[in-house]
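Note sheet for the following structure.
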Amino acid sequence: MRQDTKMPTAEARDFATEGASPSGTGAIGAAISIRGLSHSYGDLQTIERLDLTVAAHGVLGLVGPSGCGKSTLLELIAGLQEPESGAIELGDARDPHGRLDRCAYMPQRDLLLPWLSAIDNAALALRNRGVRRAQARREAGSLFERFGLGGFESASPAELSGGMRQRVAFLRTLVAEKPVLALDEPFASLDAITRAEMQEWLAGALRADPRTVVLVTHDVEEALYLCDAVAVLSARPACVLEQLRAPSPRAANRNAAVTAQEFVTVRERAMRALREGASAT
Amino acid sequence: MKRWLLPTLLLAVLIGAWQIAASTGAIAEALHIESFLVPSPAEIAESLWQSRSLLAENAWVTVREVLFGFGCALVAGLGFAVAMHLFETLRLAFQPLIVASQTIPIFVIAPILVVWLGFGIGPTLAIIALICFFPITVNTLDGLGSVDVEATKMMRTLDASRRQILWRVEVPAALPYAFSGAKIAVAVAVIGAVFGELAASGAGLGRLIFQDMAQLQTARAFAAVVVLSAIAIGFFGLIALAERRVVTWR
Amino acid sequence: GEKSEDVTAKAQSLSLTLDFYPNPDHAGIYMAQKLGYFEDAGLDVSIHTPADPAAPIKLVAAGQTDLAISYEPEVLLAKEQGLDVLAVGALVDRPLTSLIWLKKSGIKGVSELRDKTVATAGIPYQDAYLKTILARVHLSPSDVKAVNVGFGLLPALLGGQAQAMLGGFSNIEGVDLRLRGSNPLVTPVDKLGVPSYDELVVVAQGKRLEEEPQEIRLFLAALARGTAAAASDPQATTKALLEANPDLDPKLTKAEVAATLPLLKPARGKHPFGYMDAAGWSKFTGWMRDNGLISSLPPTDSVLSNDYLPGEIPE
Amino acid sequence: MKRWLLPTLLLAVLIGAWQIAASTGAIAEALHIESFLVPSPAEIAESLWQSRSLLAENAWVTVREVLFGFGCALVAGLGFAVAMHLFETLRLAFQPLIVASQTIPIFVIAPILVVWLGFGIGPTLAIIALICFFPITVNTLDGLGSVDVEATKMMRTLDASRRQILWRVEVPAALPYAFSGAKIAVAVAVIGAVFGELAASGAGLGRLIFQDMAQLQTARAFAAVVVLSAIAIGFFGLIALAERRVVTWR
Amino acid sequence: MRQDTKMPTAEARDFATEGASPSGTGAIGAAISIRGLSHSYGDLQTIERLDLTVAAHGVLGLVGPSGCGKSTLLELIAGLQEPESGAIELGDARDPHGRLDRCAYMPQRDLLLPWLSAIDNAALALRNRGVRRAQARREAGSLFERFGLGGFESASPAELSGGMRQRVAFLRTLVAEKPVLALDEPFASLDAITRAEMQEWLAGALRADPRTVVLVTHDVEEALYLCDAVAVLSARPACVLEQLRAPSPRAANRNAAVTAQEFVTVRERAMRALREGASAT
C-alpha cells in the first residue's frame, strides 16, 4: 500500500457499481432520521430519547464513552433490534425488515465464519445475492491487494492477524452494496499507517460513490476526517451531547486536512465534549 | 507409528490375559469362563479361520444392510433435523414422536414391518434406519441450535435469506454435532442389523450368530461378533476420517 | 403335612430356569409351587424365565441355575459341544412343535406346500424338521419358500404373508389360533416323518447330580405330584398359572391348559411321569446326525437318566 | 400456550386418522391393520385403562432400572471421555473397544451376564449401562475436543494446570455435546431395559411386552409401549430442561 | 471515572501486592532478551532475525504494520510458541514453560469464556492459582469500579460492550501478578477518554509497582506515553526498523507530556519510520 491518495480507479468503480441487488435500486441515497429513540436491555437503559438525522449521502460520526450504547444504536439502525419507543427511518423504510434491506452493518467483532476462507467471507453478501461463486470471488477479491490482503485470499480466518480479519470484515460489508453503511469501529485494530490508508481509501470511495454512512469510532480524528458531522454521545443512557460539523470532510489531502488549525480546534471541542460526557456519569 | 504401538500392545495384553484365564483351570472356574459360555481367543481365532468364507458371505450381507439403512437414516435424520430446526411447531410436535419411535422394541414392529415390507432385506433396513435416525437427528438438531446469534445477525445484514443462513452458518456449525451423531449411529446400526435379520431375513451375521447360539456353537458366534465389531469399527473410523477432512476449521 | 419350623429353616433353595415365558407347559411346576409340594420336599424353588430358549441349558452347565427346562434337540446339541448336562426327566415327552396352516388357505396336505411360503423361527434343527417333512412328499426345501420370521410366526400366518408356519406348539399357538376363529390345521412334526422326541425335558448339571442327587430326586417327585394335581383340576391349574403370572391372558390360558394337560401325561402309559425312552432318543439322535446337526452319536446314558425319577407317582 | 396447541392438534389428528383407518374396513385391509398386528387407538386406550395397575407396577420396575443404568453409564461415560481426552494413548486403545462393545448382540452376552451377575436386576442394569455409555462417551469426547485452541492458550498464560484447563474450559465447552449424548442415551435406555428384562428379569415393561406379543395380546403390548414411550419422553424432557438451565450461555 | 490523574491508592496497592503466586517470587523484574529470533507459519516467514532487549522493569512498545507479526512475537515471548531459530530469555527462563510462568499475556481477541461472568473471567488467574472463589472475586472485583465496569460484575460476556470486554480481559491479565506483561493492543476498543484514563491508570500502577512490559499498540502516542522505548517493526517478516526512546515515560501529567514539543517530535519520527517500513514492502 502506498501513501498516495489518488483513488484507484478500478476499485472505485467497483465500489460504485450497482450490482443486481434488489435493495440497490430505488433506495439509493436514503436519509436516516431517528426521533425520540429509547432502548434498553432489561433494566439497563442504553439509549434515551435520542434524535439524529443524516442527510442522504451524508456521513455521520458517532463517538462516545465505551459502553454507552453505540453498537446498540447501530444495530437499531440496521434493523437488527427494535426500539422501545421512538422511530427510525432509513429513506422510506421504518420497519426492521426495510432497514435491514437498506443497511450494511459491520459489527465490532469481525465475526468471520471459520469454515470459509478469507475471500469467501468477504464475498458472503454477493453469494447471498445469488452471484455465482467464481464471480463473487472475483468481485470481492479485486480489493484484496489494495487492502493489503494479497496472497491471503484462501487463508482461513484463524490464519489472519487481528487487523487483517478486520479488513476482511470491512470488505464483506462494502461488497453488500447497500445505500446505507453502519460501520462499528471498522479500523480499530489497524496500525496508524494502515488505518490512514484505509481512511483515505474510504474517503475516495465515498467521493466517487456517495453513500449514507454512520461510523462509530473512538478516534475523533478519524471521525472528523471521514464524516460531515460528528455526534458526541453521553455515557449510558446515550443521548447526543453535541453535534459538530467537520471542517473539510474527506479532503483529498488527509495529512494537510487533519493538521489544519480549524480541524485541530474542532477536535479539541469534540474531546472536551467527550470528557464532559464521561465525567457527568 | 509409536502412537499405535501402545494400543496394539494393550489389545495384545487383553487378549493374552483372556487366553490365559481361559486355559488356567482355577481362574477359568472363578470367572466362569467355559468355552460354551465364553470361548477362548484361540478357539475364536480358529473358528474365524475355519469359517472364513461363511463369515465373509454373511458379513457382506450385513455390510450392505448397514450401508443402505444408515444411508437412509442419514438423509432422513438430517432432513428432519433441519425441518424441526426451521419450524418450532414441527419440533414441538415431532420431537416426542421421534423419541417414542426409539422405544418400540423390535419384536413389536418386526411383524408389522414384515407385513408392510415383505420378507427379505426390507424390514432389516427399516430397523437399521430407525435406530440410526435418532442419534443423527438429536445431535444435528442440537448442532443447528448451537450457532452464535451474532453470526446470524451478521448474515441477516448481508441480505441472507433464511435458507442461506441455514446453509452458510447453521449447517457448518452443526457439522461436528452431526458427525458425532453419525458415529454413534453407525456403531448401533450393526446391532440393528442383527435384530433385523432375526426378524425377517435369511442371511447375515446376526442370523449366523443367532443360529450358532441356538446350536451352542459359541466359538463361531463369537467369531461372527468379532467380524461384526470389525465392521462397526471400520465404519466408525471412516466417518471419523470424513469428519477430519470436512471439519477442517478446528 | 409334616411341615415344621425345623424343615422350613433347612429348606434347600433350588433355582429353575424355564425354557420360555411361563405357559401351561409349566402347569405342573406352578401347581407344585402353589400347593406347597416343593416346600413339603424341603425345597425353596425360585423360577426364572429367559428370553433366548438356548440360554437355560448353558446356565445349567455353568452351574448358575440348578435346573432348567430345555428341549431334547438342545440337550443333544449341548452334549455335542461337551456340556456337562443330563436330561433327568421329561416334562412333555412328545413333540409339540407343529406344522400349522389355516383352513382358509385351502391346503390339504404337505405336498400342497409347493411354492407356498412357510414361516419358521430360524432355528436350525427346526429347519431340518421342515426338510424331513418335505422329503416325505418328495419335495426339497427349495420347492417351498421358507422364511425366517423370528418372533413373528403368528402374525406372519394371520397376516397372510405365510401360508404355513413351523415352530409353534400345538397346545399354545395352535390353541391361540383356534380361539381367534382361524380354524388352524395343526400337525405335530412326529406325525409328518420326524422321529418322535421329548419336547420339554428337565436338565441338570452332571457334576451336580453326582454330588447332590437327592434334591433333584425330591424336585422331580414334587413335580410329578404337581403334574398329577394339575391333570385332575384344570380350573385350579389355570388359577395357579394366572396368580403367578398376572400378565397371562385368562381366556387363552384356560383354553391352553385344557389342551396341555393331556399332553403332560406320559405318552407311554406304562411308564411313570417323566420317563424318557432311551430307544426313542437313540433314534432321534440318529436323525440329528443324518441331518448334520451333530457329528457323533452319544450313548443315550450320557444324555439322559431316568434314575432320578420317582418310581411311582406318590400321592 | 399457543405453541402447544398445534402439536397437540397434530397428535390428535394422527391418532384420529389411525383410529379411522383401523375401523374402516377397506383402509384397514389395505394397510393390514388387524388388531392382532396393529390395534386401534381405542383398543390400546382400553387396554391401558384395564391393565393400569399391572402396567404401573411393571413401569416402576423399568423406571428404576433405567434410572440406575443410565446413572452408571453417565458416570462411566463422562469419566471415560475425560480420560480418553487427556490421554491420546488411552483413546487410541479404547475407542475401538468401546465401539466393539456396542456391537455385541444381547443374546450373546445375556447368559454371560446372568452367570456373572445372577438373575434379577443386575444383567438388565448392565445392558442399559452398556447401551447408554456409548452415545454419552462419543459425544462428550467430541465435545471436549471442540474447544477453541486460543482459549486454551489464554488459560495456559494464566498458569492453568491441565486439570484447570479441563474444568474451566473444556468441560463447559463439552457440556452441550454431553447433553445431546445424554438425551440420546436416555431414549435408548428404555430399549436396553426391554432387552435386559428379556434376558434375566421376571418383571418390567419389556417382559410384559414380550409375553403379550408372544400371546398376540397386541393391544396390551402396544399399551405397554405407550407407557414405555411416555417414560422415555419424560426422561428426555427432563434432560432437555436440565440442559437449558445449565447451558445458559447460548 | 474521573479525569483526575491521582493514583487511587487502594487499587495501586492492590496491583502492587505480591500474591501467593509461586511465579511471583524470585523472578520479579525479569529482563527480556531476544536474539536472532526467526519464526514462520509454514511458508509464511513472520519474524526474521529479530533482536530486542528490555531491561528489568522496562516498558517496551511495539508498533508496526498490521499483519507484520506483532501478536506472533508476543506469543513467542509468552512461551506459547517456539521460535524457528534464535533465543528468547525472560529473566533466567529460556524454555517455553519458564516463559509461560513469568509472563502474563493479554491476547488481541478478548477470549472471555462465555460460561463465566465478567468477574469470574477477570478472576481466572487467581482461581487457577488456587484462591477460593469468594476471595478471588473480591480481589478481581476491587478494580471493576475503577475500570468503569461497576455493576457488571455478574454480567455474562455477551452482555458487555466491546470496550467493556476488553477491559475485563485487561483486568484478567493484571490479576495474574506476573513479573512480565505482554499486552496485545489492550485499549484498542476504547474511546479516547476511557483509553486515556486506562493509560494513566496503567502508568500509575507501573510507577508504583514496576514490571517488565511489552506493549503492542497501533497508537504511537500511547506507546510513547506508556513506554520507555518504542520499537518500530517492519512489514512482514518483522524486524526492528528503529528503536526510539520516549521523552517522558509515564509522566504524571499525561496531557502535558503528550503535547510537549519533544514528544511530538519523537512521535513524528516514529510515524515516519512506520511509513517507511510500510512502503518498503
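All chains are identified by letter, namely A, B, C, D and E, in their written order; residue positions are counted from 1 within each chain.
In the analysis below, contacts are C-beta pairs under 8 Å (C-beta built on N, C-alpha and C of every residue); 3 or more make two chains touch, one makes a residue touch a chain.
Model, not experiment: these values are computed from the prediction.
> Going by the contact definition up top, give me the pair of chains with the most C-beta pairs touching.
Comparing chain pairs, contacts are most numerous for B-D.
> Hey, how far is the Cα centre of subunit A from the one of subunit E, in Å?
Averaging C-alpha atoms per chain gives centres 28 Å apart.
> Roughly how many whole angstrom separate the Cα centroids of subunit A and subunit B?
51
> Could you grab the centroid distance between subunit B and subunit D? Build each centroid from C-alpha atoms only and quote it in angstrom.
Their C-alpha centroids are separated by 15 Å.
> By the touch rule stated above, which residues of subunit E touch at least two different other chains?
Within subunit E, the residues that touch at least two other chains are 109.
> Which positions in subunit D are in touch with at least two other chains?
32, 37, 107, 111, 115, 148, 195, 210, 213, 250, in rising order.
> Going by the contact rule already set, what residues in subunit C reach two or more other chains?
52, 54, 58, 62, 64, 151, 154-155, 159, in rising order.
> Go through the chains and record each pair that touches.
Applying the touch rule to all chain pairs gives A-B, A-E, B-C, B-D, C-D, D-E.
> In their complex, what parts of subunit D are in touch with subunit E?
Residues 148, 150-151, 153-161, 164, 168-169, 172, 248-250.
> For subunit C, which residues count as touching subunit D in their complex?
On the subunit C side, the touching residues are 15, 20-21, 46-52, 54-55, 58-59, 62, 64-65, 151, 154-155, 158-159, 176, 180, 245-249, 252.
> For subunit C, which residues count as touching subunit B in their complex?
Touch residues, subunit C against subunit B: 52-54, 57-58, 61-64, 74, 77-78, 80-83, 117, 122-125, 147-152, 154-156, 159, 161, 293.
> Spell out the residues on subunit A that touch subunit E in their complex, using ranges where they run on.
So the residues of subunit A in touch with subunit E come to 1-3, 41, 63-67, 69-71, 108-109, 148, 159-164, 167, 184-185, 188-195, 218-220, 271, 274-275, 278-279, 281.
> Going by the contact rule at the top, pick out the subunit D residues touching subunit C in the complex.
For subunit D paired with subunit C, touching residues are 32, 34, 36-37, 54, 58, 107, 110-111, 114-115, 118-119, 195, 198-200, 202, 207-208, 210-217.
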